[in-house]
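Both complexes shown next keep subunit A, but they swap its partner, so subunit B is in the first and subunit C is in the second.
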Partner chain A sequence: MGSAMARALAQDEGVDARPWVLLAPALLALFLLMVVPMAIIFVFTFYEYIDVAVDRPAFQFENWRWFFEDSFYHYAIWQTLRISAITTLVCALLGFVPAYFIANTTYRHKWLLMLLLILPFWVSFIIRQLSWVHVLGSQGIVNAALLWLGVIDEPLRLLYNEATVVMGLVHFLLPFMILNIYVSLEGIDRNLVSAARTLGCTEWQAFREVTLPLSLPGLAAGSLLCFVLAGGSYVTPLILGGPDNFLFGNLIYDTIMMELNWPMGATLSVVLLVLLGSLVVIYGRFMGLSRLYKSLN
Partner chain B sequence: MDSRKRLERLRERYLNGDLERRSFMRMLGLAGVAAGVSGGVLGGVSRQAFAEGVEIRFDGWGGVVSEALRQHAFNPFEEATGNTVLDRTFGGEEEVLTGVRAGQVGDYHLVHSSGVAWYKRWIDADMGVDLNIDNIPNMELVMDALVAPFRKVSPDFLSAVPYDYGTTGIAYNRDHISDEEAQEMGANLLLHPDHQGKIGGWTDWQTRIWYAALQTDQDPNNIEDMDAVWEKLREHRGGLLKYWGSGAELMDLLAKEEIVVTEAWSGRVAALQQQGHNIGYIDPPNSYAWMESMLVLKGSPVEEAEVLLNFMLEPETAIAVAEGQNYPPSLDPNKVEMTEKVEALPAYDASGTLDNLTFADPEYWTSNEADWKRTWGRIERGA
Partner chain C sequence: MRSWSLIRFYTLLVYLFMFTPIAIVVVLSFNDAQFGGFPIQGFSLRWFEALANNEPVVRAFRTSLLMGIAAAVIATTLGILASLALMRYNVPGTNFLNTLLIAPVLVPETVLAVGLLLFMRWLDQPRSLVLLLAGHVLIALPFVVLVVQARLVGIRKVYEDAARSLGANPVQTFFQITFPLLMPAVFAGLLFAFTISFDNITGTLFWRPPGVETVPTQIFGMLRHSISPEINALGTVMIVITVGLPLLAGAVARAFARGRL
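Now for the complex of A and B:
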């Protein structure tokens, strides 16, 4: 019946409406579950904050004025961009080698390596983050081992700093980076590397001149995913960070959940959405989003 | 005799061992059928009356508190009534308020609410209900000193029953800090120069400001020099390892010796001590005392909630919960005989007047809350 309707529509309009008919349920779900809530949040940014947990509908720009004039928020944005960039860089450096290995291995059971890659996703994100407390804590494995070996006399302070926040984010995001690079490497025609070698390139030169440039789209897609996901995080700094280590998401959480200032919280949410969304738009403009879909599939 | 009395008598016989479990359950089932026929079909009352059981959502602090409530209050209540208590946990009551705001009336039922200030907020938000105190006869056993502040907020009705009280004092690791030193330093123990980087603190704005007021020799319920308070908060932050956000995190940080001193909830410290950790606890002069209530929100199954509240205030139940969660019950020691364990709990007041505890003035703190929260939020992040 659906296809009959689509055909009828196509005849009437002179265009093929079948894709739209097929996409309609997904678009409707997206509209209702994403566009509408985001629109509500946007409307909330104009509400007037009266007192704790009390606000009233209005059309005024006080929340936006607060955001633009208060350097506290600007610092939080800078901090978020900086930590996200460091995380992305570490993910890229750590992720390339395993991706290259998986893509080029002749091991019969390559699926097993892929399985190992996604294995962390089977464990709760919170548990994975908390596990670092038992590894790096004062009574954790690292300190216990160093104390036992006599290397140190007192436990080292390894937790609750920026390095542990970055590490927690890398722990969470590394598989995304590896998958993207792997997809890119898998798509490279092996004959190109062979041709480079026959033309006199060393193995390193062939990698540098052929493999690396051709894998850059995957690296870029992985970087985008890691950056956006890191920038939107707030749980990792809560668990593994100290008082100085926070992201913009933590400010949103505090403003909504602690200060109970929902209009300002909505404003900050829109800011983060625009900030990270614009990165996706820029990426899409220059690289195309199709590679993202490919790696996610 | 109404069904409530029958239920209580039945439960009493069961708890006394006069009734076998199988008989108890059979009689409960018959009572349920009778209630369904007479009250549900014939009476035309709500469909909840003849349903197999009503679900009551409870939101509490989790950890040992929820464990105690589950074991000593909810499980027996469920067995006795056939109703179900779905217990959830929160890190702060703000989460519940946000959930209520984002959801619908009736999504949340019973909240282990913290303090009179929060009670005022719920009442101001028109989220209270008018509890029929006649259906909660055990309210007579509750200390007047605990009921009065709630009555002051809502003179014509009560939407909550006071349930326990305690203090947020200072916990310290005795391997690093002696009891004498802790007593001598009082609130300034949280600024101890020898333990910089091993100090913790609750992220809660009110606790932070309360202790900063004590550190600057000010009355927490009448702070005159807020600049000095903010400065103390910055000083405290300078030596801090981490602000903790939940009781579980507090216990973990203390137990693993990540921190050696922090302000802490008395009950959580008692739980750590019972686990064998060498943790000391002091209440400095004017330590932060609080009372907690079982708050019933608008949209709840009120009658069932009243039964549950009465059940929870039953002396043996309330005392068992108190021993489990390590906070004294709201019951008046002049009316109910307490156990030795309860009498030994931190903050326990044998007089039943609570005159020796300093509670936050709800009017004072709520009137300053918006500004102070905002400033604290910035100091917390290093601004």
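Now for the complex of A and C:
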């Protein structure tokens, strides 16, 4: 029936309606579950907070005033940007070499290295995060080994600081970085490096002048993903961070789920969206988003 | 070459960084000790047994499983239809539509979560399983679209045209040509969406109705006290499901492909 109607429509207006029939369910879902909710968040930022879980529709700027005047929020933004930037940098430093190795190895079981790279995406996120408690916690393998060796008498307090939050985020985001750089490196014409070598470049020069610049798009895509995903997270600090190592997402979670202050939670959400969304938009302008889709695959 | 062996060693270290902690969870889940950490005091399956008798965990498991299946079916259906439209027809604004379909990945998940929650509040609806399901569909959809589009590229329209010219009607063509060719994309989409839903915690912590737990939120709640050996066992079970399932599916698919050749 659908297609009959579509054909009728197509004949009438000269437009093929069939693709729109196919698209309709997905677009409707996105409209209801994303577009409308985003608009409602924005509307809520002007609502008036009365008491816990009570608010009143209004058009006033009290929430925004709070946000702009309370330096705690500014500190939270700074801390979120700092932790995200460090995480991204560490991912890039840790990820480039393995990506280079996988792209250039003649190892017979290269597919295995690739599979191992994708595997972490399938291992439960929360398990991956809590696994660090077994490494660095008071009963973790590091402390157990040091105690057993007699180096220390008491377990060291290695967990619940900014470094462990960064490490947890890196552990979660590193595969994104490696995959993106790998895709870039894999696309480089091998002859270019050979040409550079024949023209007298040393191996290192050829890398610096040819390979590295050509891998930058992958590095940029990986960095964007790492930064945005790190900056938007809040579960990692809850598991691996101390009370001071919160991210902006933690403020949103606390404001919405603990304080039940929805207008303020909405305001903070818009802030986070603008903060991270502007990075995506800037990236999209310079690099185009299609590369990002490819890298997510 | 010395620099190459350095590169190889560095790569090995990075892989160790990624996998040692996960391996430790699996090892510790077989530990006979009373607590969830080191030292190791012998092999035991008792924590898996305890898990099977842990009523809340079993309930969370059932919720996650149902949620995962429902989200996978819905997201894959929506994703395949949309992908077919974008790849088969000349739709004006294809780029924009593609970006829209992928957009849920580009918006921080926390913000998506707050948005849906406030929408429910705006409608005066309580948090329900439907909200949780809708959220999971929203998060899984972009990934389904990406995976499915990658698979659909390989299906060329000539096969369908051939079927039609040989006298098949559109319905026959769909069920005998298009659908079988689509199957790998369907499976990939289902699997991907299921894994995403089964693993989700960021949005789920916002969306779940009071008293409802999925496996990740259940683990999260149990973490509040300390890491019990049961958490390790649950982690191992999760790993077996979310890693073993796709690997098995891949192996089966390959075996089928080989059998046909």
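Everything below uses one rule, namely that the second predicted complex is superposed on the first by the 268 of 297 C-alpha atoms of A that agree within 3 Å, B and C clash if a C-alpha of one lies under 4 Å from a C-alpha of the other, contacts with A are read in each partner's own complex, and residues count from 1 in each chain.
Just so it is clear, a contact is a pair of C-beta atoms (placed from the backbone, for glycine too) under 8 Å apart; a residue touches a chain by one contact, two chains touch by 3 or more.
Bear in mind that the values here come from a model prediction, so they are computed numbers and not experimental data.
Superposition of the two complexes onto subunit A shows a clash between subunit B and subunit C. When the two complexes are overlaid on their common chain A, residue A:Val52 makes contact with subunit B while staying clear of subunit C. Once the two complexes are overlaid on the shared chain, A:Gln139 sits against subunit B and subunit C alike. Within the superposed three-chain model, A:Pro19 lies in touch with subunit C and out of touch with subunit B [touch as defined at top]. When the shared chain is aligned, no partner comes close enough to touch A:Pro237: not subunit B, not subunit C. Residue by residue along subunit A, subunit B and subunit C are tallied for touches, and C comes out ahead. When the two structures are aligned on the shared chain, A:Ala266 is found in touch with subunit C, with no touch to subunit B. In the superposition on chain A, A:His171 contacts subunit C only, with no contact to subunit B. In the overlay built on the shared chain, the residue A:Met257 is in contact with subunit B and with subunit C.
Clashing C-alpha atoms with subunit C appear in just one stretch of subunit B from the list 99-107, 153-161, 261-269 or 297-305: 99-107.
In the superposition on chain A, the residues of subunit A touched by subunit B in one structure and by subunit C in the other are 133, 137-139, 238, 256-257, 262. Note for the complex: subunit C touches subunit A at residues 3, 7-8, 10-11, 14-15, 17-22, 24-25, 28, 35-39, 77-79, 81-82, 84-86, 88-91, 97-112, 114-119, 121-122, 134-135, 137-138, 141-143, 145-147, 150, 170, 195, 198-199, 201-202, 205-206, 215-216, 219-220, 223, 227, 231-232, 235, 238-239, 242-243, 246.
Those residues of subunit A that touch subunit B in the shared complex are 51-54, 72, 75-76, 133, 137-139, 155, 157, 159-160, 238, 242-244, 246, 250-251, 254-262. Contact residues on subunit A toward subunit C in their complex (touch as defined above): 3, 16, 18-23, 25-27, 29-30, 33-34, 36-38, 40-41, 43-44, 94-95, 97-98, 100-102, 113, 116, 119-120, 122-128, 130-135, 137-141, 143-144, 148, 171, 174-175, 178, 203, 228, 231-235, 238-239, 249, 252-253, 256-257, 262, 265-266, 269, 272-273, 276-277, 280, 289, 292-293, 296-297. Taken in their complex, subunit B has these residues touching subunit A: 92, 94-95, 97-98, 101, 121, 125, 197, 203, 205, 237, 240-243, 245, 252, 256-258, 366, 369-370, 373-374, 377-378, 380-383.
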